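This is the structure, below, for whatever I ask next.
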Amino acid sequence: MLGEGIVRGLAETARNFLGSFVSKERLTTVQFPEERLPQAEAARDFPFLVYDGEDWQAGMRCVACQICEKECPPKCIFIEKSKDKKPDALGRAQFYPARFDIDVSVCMSCQICVEVCPFEAIKMDTAFELSTDDRFGGLLWDRQKLALSDAHYHAIHPTDAAHTDELLAAEKAKAEARTKAAVAKASPAPMPQPPAPAAANEP
Amino acid sequence: MSSMTETTSAANDERSRKLTAGISEGQLLEVSMGPHHPSTHGVFRMDVVLDGERVVKLKPVVGYLHRNHEKIGENNSYLASMPYTDRLDYLCSLTNNWAYALAVETLAGIDVPERAQYLRVITAELTRLQNHSSVIGFLVQDMGASGTPLMYAFREREKILDLFESLTGSRMMCNYMRFGGCRIDLPAGWLDRAKKVVAGFPQFLDEYENLLGTNEILMARTQGIGALSRELAINAGVTGPLLRASGVNYDIRKVDKYGIYDRFDFKVPLGDNGDVYDRYMIRILEMRESIKILDQAMCDIPPGPIMDPKAKIRGFRPKAGEAYGRIEAPKGELGFYLISDGSGNPYRYRVRPPSFVNLTVLEDMCIGNYIADTIAILGSIDIVLGEVDR
Amino acid sequence: MTETIDQIFVILKHWLVGHVPTAVEPIVSELLSVVPIILLFPLLFALITVMERKGLGRIQNRYGPNRVGPCGILQPIADGIKTLTKENIVPHSADKVVHLLAPLLLVMATFLGYAVLPVGRNMVAANMDAGVLFFFAVGSMTELSVFMAGWSSRNKYSLLGAMRAIAQMISYEVPLILSSVTVIMAAGTLSTVSIVEQQSGYTGIFPHWFVFTPWGFAGFVLFMIAATAESNRSPFDLPEGESELIAGYYTEYSGFKFALFFLAEYLGMMSISGMAITLFLGGWAAPLSFLTWIPSYLWFFGKLFFFIAGFIWIRGTLPRLRMDQLMNFAWKFMLPMALINLVTAGVWRFMPTGILRWLVCSAMVVAPYVLLGRGFMLGKRLEKRTYRFAD
Amino acid sequence: MTLAGYLIVAALLFAVGLAGALTRRNAILVLIGIELMLNAANLNLIAFWRYGRSPEALTGVLFVIFSIGVAAAEAAVGLAMIIAIYRHYKTTNLDYIDSMKG
Amino acid sequence: MTLPFTIIAALTIAGAVAAMSLRNLVHCVLALTLAFAGLAGMYLLLGAQFVGFAQILVYIGAIAILTVFAILLTRGTEPDAFLDLPSAWVSNSVIVAAVFGVLVWAVHSSPLSRRTLPPPPQITVRQIGFALMDRFVLPLEVIGLLLTAALIGAVILAMHEKQAAK
């Protein structure tokens, strides 16, 4: 009969109308600034540079190898290699980024820089309220702004960070073993080249 | 444009001429619908000539969102194109990922481990669910249902997007698949949550059918409107729900059996009329089939690695050759065609976007119909301008 | 006491009028009838916009506006400030004078309709002998302002929207008037006040509303469908069909003029609901005889809110019709039904009271409805389909 | 207020309508002019009814009601004819629609 | 009683003159509705409520709308030329002046025109209805027939010549 489907539809909307008062399933709205959903552990927004210890300059893991700069799909990373070297967390002399800028307004949060980094130096942050009134400079982050502590990394991605620590510890152990071997052999200097994990073919 | 579309275009011009014969120039109203129009689903323009309310001529104008996707792909490394594929059809980034990964894997001869295959199927079918639900929501919204069906669809879609977020870290730009597997494994408890969401989905579909399935207005608006004949659908290269609504049994999941689709028991719903109503219903039925696949996949998923150990992240250089990888994306056949010259970048990178090819029959379906039907037909084609314009 | 509360506004008005010099008495008396209407109904409009948005929100499983004031109740004030402070954009090639006049005329015409609505016992601005005719006459004036708005904007969408609006309003005016003619036939008067008075009696506890007769019910349904179309509400909101015509005839309006269109739409909806209440639902009369102690105006506004809620509910559910379907529905379904209903009302009038009268009249209404409805569906070959599956 | 006032207004309306119908070239405007003249007559009828000896007989009122009905019919057919003519000649200017040499 | 009459009369005449003299056809129709509304006001002044409302319903609600539809369908919104032959101007003016003169002379010479307003008659819609159904039933039927014929005739006239579909 004409009108049957319409009446059925009206019944359905009435059910939803009433349901929205009683059932949380139906009224899924989260009233944002007051209520916030917990962020997923895998959440990713923009990259940051991990540093160990307290001093961001001393503890920065990045060695300015420029792989991320090359692999970045929208090409939003700008790196300038330092002229001199300084010791990294393992005590080896390494280059460091004299300049490391990320244009966050261009970045598309793809995480490829994180995946290609052989030094576990760049990770994804989860901060997302980044609006600024400075149109050009405000979203061009330099290395100081980008540097965040390892503790922060542990806080936002605990599983990932634990895995990273494992990798780094393994590497450290390997490096120490090698140093010991070298010392035992009394060879002049440790290898300047870091033992890059798995498939660190040059780009 | 290919020669095929040119011939249908000529036929359409002939139809337009017939419809406008005997009507003076001043009687016709030329309306430029778009690029900023509430129901063109983005920046899409239709040059419509109206005789009263009837469309006598329609020319789709695309390209407002063109952003050199293919050229960027040729100038970036293989991996760097992966996040760009998310932005093609931004509703279904996971299927885009899969199609591209499939093409590269064919090119480089990489195997995908079992668990990763299951992950791909699960994420792809979830994508199909959320795409189809929002499409039917938008379709009815375009027909003036003031948001209610769309909001219901979005309510369900939100749950799936939450799943995507906790898995991939992003709701829409998932960037999840890699050559030889997937980026990260399922977080703890994800599968149970997904099972719950999928188990609740049929209820939403029932609700939707209650709301609109027998609604006389919806039937009047969609039945017999924009019928696409089997022959034209095949000739124009239309794929996906559009093609199956016209009664052609062609589903790449069945034809190619890519991935591990041959392990699942599901059916392909087929329509007989090829009109807007059929496309609407086919999508609902496909969602029900997707739920079946999901149930099986989430039950059977084995433990194991998610990446082929041979696959390289850095310095990936497939040997020279060419490959075409295609999958049944929610919108139709999504294919990536790649030519490698042995370097780190593809020599040629080409996308076969389902929305764009499906859009070519818009003119055929709209001429002679009312202007309001144009909106419904456009909604039923299911275009995403990110994919059409690339 | 009950009587006093019921008549409080009437008494107040007489008291106020008694204090002014005799020369200006009629003018003051008129003003005291008109000003409350002009103040009250826009206030109601503000309330209804927030009610609609919250109601639609709940239907769609959302909260709706809930930020301005407690529970978002002050949202209309925010909206009002927003529309008032917006730039008034007049297209360069628009016909400026007509463009300006259209919303003013529209609001004026819709306000005029309230003159004959009895919102309570003895509470009517103008008790005209031809009240119903007056209502439809001023109602038909809105069409012209809609045309003015659409034509003067020099926009194709506006013009299409205006043409749709006029075609729709003219087409649905026919069943609208024909279905109210049944009531006029039964009541034997065109005066809204007498129509309500005729429905204010009770049999037992049940009221003598016209809606509780077969022809009255059918007339009521027809009237409401036509009223929905007249006030351009979903599913008949084609003139402003957002997905097709942007905003129809008021595409090119902004700021306060846009707000006036909005106001006129809701005022029209309220006035036509008020007319439906007057004609079929006993106006200010209480629905059950033991509830008469509640003041009459509260009953009227209660019923009005009930109607508005219905409009919102329907808007939250149904998709929009297409132009030709709308016309077909008006001329091929509504018009025959209204005519049959007219005959039914006549049969009802001349048959003796009893169960037979009920049976005959119900059959006279239901049978054509079923037949016409089936013919309508079959003619269009509309059906729920089954689909085949391939492996 | 005397009857003359209404009659003069009606006469003016009639004259304006006549002037328009004679001067304007657009068929629709000519039709409008004729409508105006008809309305002038209606005003006369109502005025005479009101100032007449037995308004209870309602003759004037009913005359006007019928006249309005006729005017509606006239407008409908007239405009339909104009549309049909426009479709044939592509103009509504009466100067070009003279094949009957009327 | 004179002030409302003066205002309404002025509006009516102004509307009529504008309707006959404006260049844009849609403006003409809008001015015409002003004249119609003024006439309805006059009917109300004269105590013919029913006729006044019927005037609004039919003339503003139907005829004016019909006319604008016709204007749009005939693309008549472009300015319309006045008759440009000077001889026709002269002859037309003479005719109009003569007609107007005769009418005014007739009004002035008649003793009837100096009659003042009698007390308002008690007319109800009910009486009009009874009169329509009783004494004037034949004209009513004729009008009904005429309107039906006009409806069908108008539809047939305005229908597309080739196909019947709208």
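So that you can tell them apart, the chains are marked A, B, C, D and E in the order they are listed, and the count of residues begins at 1 in each.
Everything below uses one rule, namely that contacts are C-beta pairs under 8 Å (C-beta built on N, C-alpha and C of every residue); 3 or more make two chains touch, one makes a residue touch a chain.
All of these numbers come straight from a predicted model, not from anything done at the bench.
A.B. asks: Return the chains common to the contact lists of chain A and chain B.
C.D. replies: Joint contacts, listed by label: C.
A.B. asks: Would you identify the chain whose Cα-based centre sits farthest away from the centre of chain A?
C.D. replies: For chain A, the chain whose C-alpha mean is farthest off is D.
A.B. asks: Between D-E and C-E, name the chain pair that shares the greater number of C-beta pairs in contact.
C.D. replies: Result: the pair with more contacts is D-E.
A.B. asks: Approximately how many whole Å separate the CA-defined centres of chain B and chain E?
C.D. replies: A distance of 60 Å separates the two centres.
A.B. asks: How many angstrom lie between the centres of chain B and chain C, each centre taken as the mean Cα position?
C.D. replies: 43
A.B. asks: When the C-alpha atoms of chain A and chain D are each averaged to a single point, how far apart are the two points in Å?
C.D. replies: Inter-chain centre distance comes to 83 Å.
A.B. asks: Touching at least two other chains at once: which residues of chain C meet that condition?
C.D. replies: Answer for chain C, listing residues that touch two or more other chains: 59-62, 159, 316-318, 324, 377.
A.B. asks: Two-or-more-chain contact residues of chain A, please, as numbers and ranges.
C.D. replies: Where chain A meets two or more other chains at a single residue, that happens at 2-3, 6, 9, 12-13, 16, 26, 28.
A.B. asks: For chain D, write out the residues touching at least two other chains, lowest number first.
C.D. replies: Within chain D, no residue contacts more than one other chain.
A.B. asks: Help me check something: in the complex, which residues belonging to chain C touch chain E?
C.D. replies: Of all residues in chain C, those touching chain E are 95, 98, 128-130, 133-134, 136-141, 143-144, 147-148, 151, 159, 163, 166, 170, 173, 188-191, 324.
A.B. asks: Of all residues in chain D, which touch chain E in the complex?
C.D. replies: That would be residues 1-9, 11-20, 22-26, 28-29, 31-33, 35-36, 39, 42-43, 46-47, 49-51, 55-56, 58, 60-62, 64-66, 68-77, 79-84, 86-87, 92-93 of chain D.
A.B. asks: Which residues, counting only chain A, touch chain B once they are in their complex?
C.D. replies: The touching residues are 2-6, 8-9, 11-13, 16, 26, 28, 40-44, 67, 71-73, 108-112, 115-116, 118, 124, 159, 199-203.
A.B. asks: Under the stated contact criterion, what part of chain E meets chain C in this complex?
C.D. replies: My answer: residues 24, 26-27, 30, 33, 49-50, 53-54, 56-57, 60-62, 64-65, 68-69, 72, 124-126, 166.
A.B. asks: Chain B touches which residues of chain C in the complex?
C.D. replies: Those in contact with chain B are residues 56, 59-62, 156-157, 159-160, 164, 234-235, 237-238, 241-244, 246, 315-325, 377, 380-385, 387-391.
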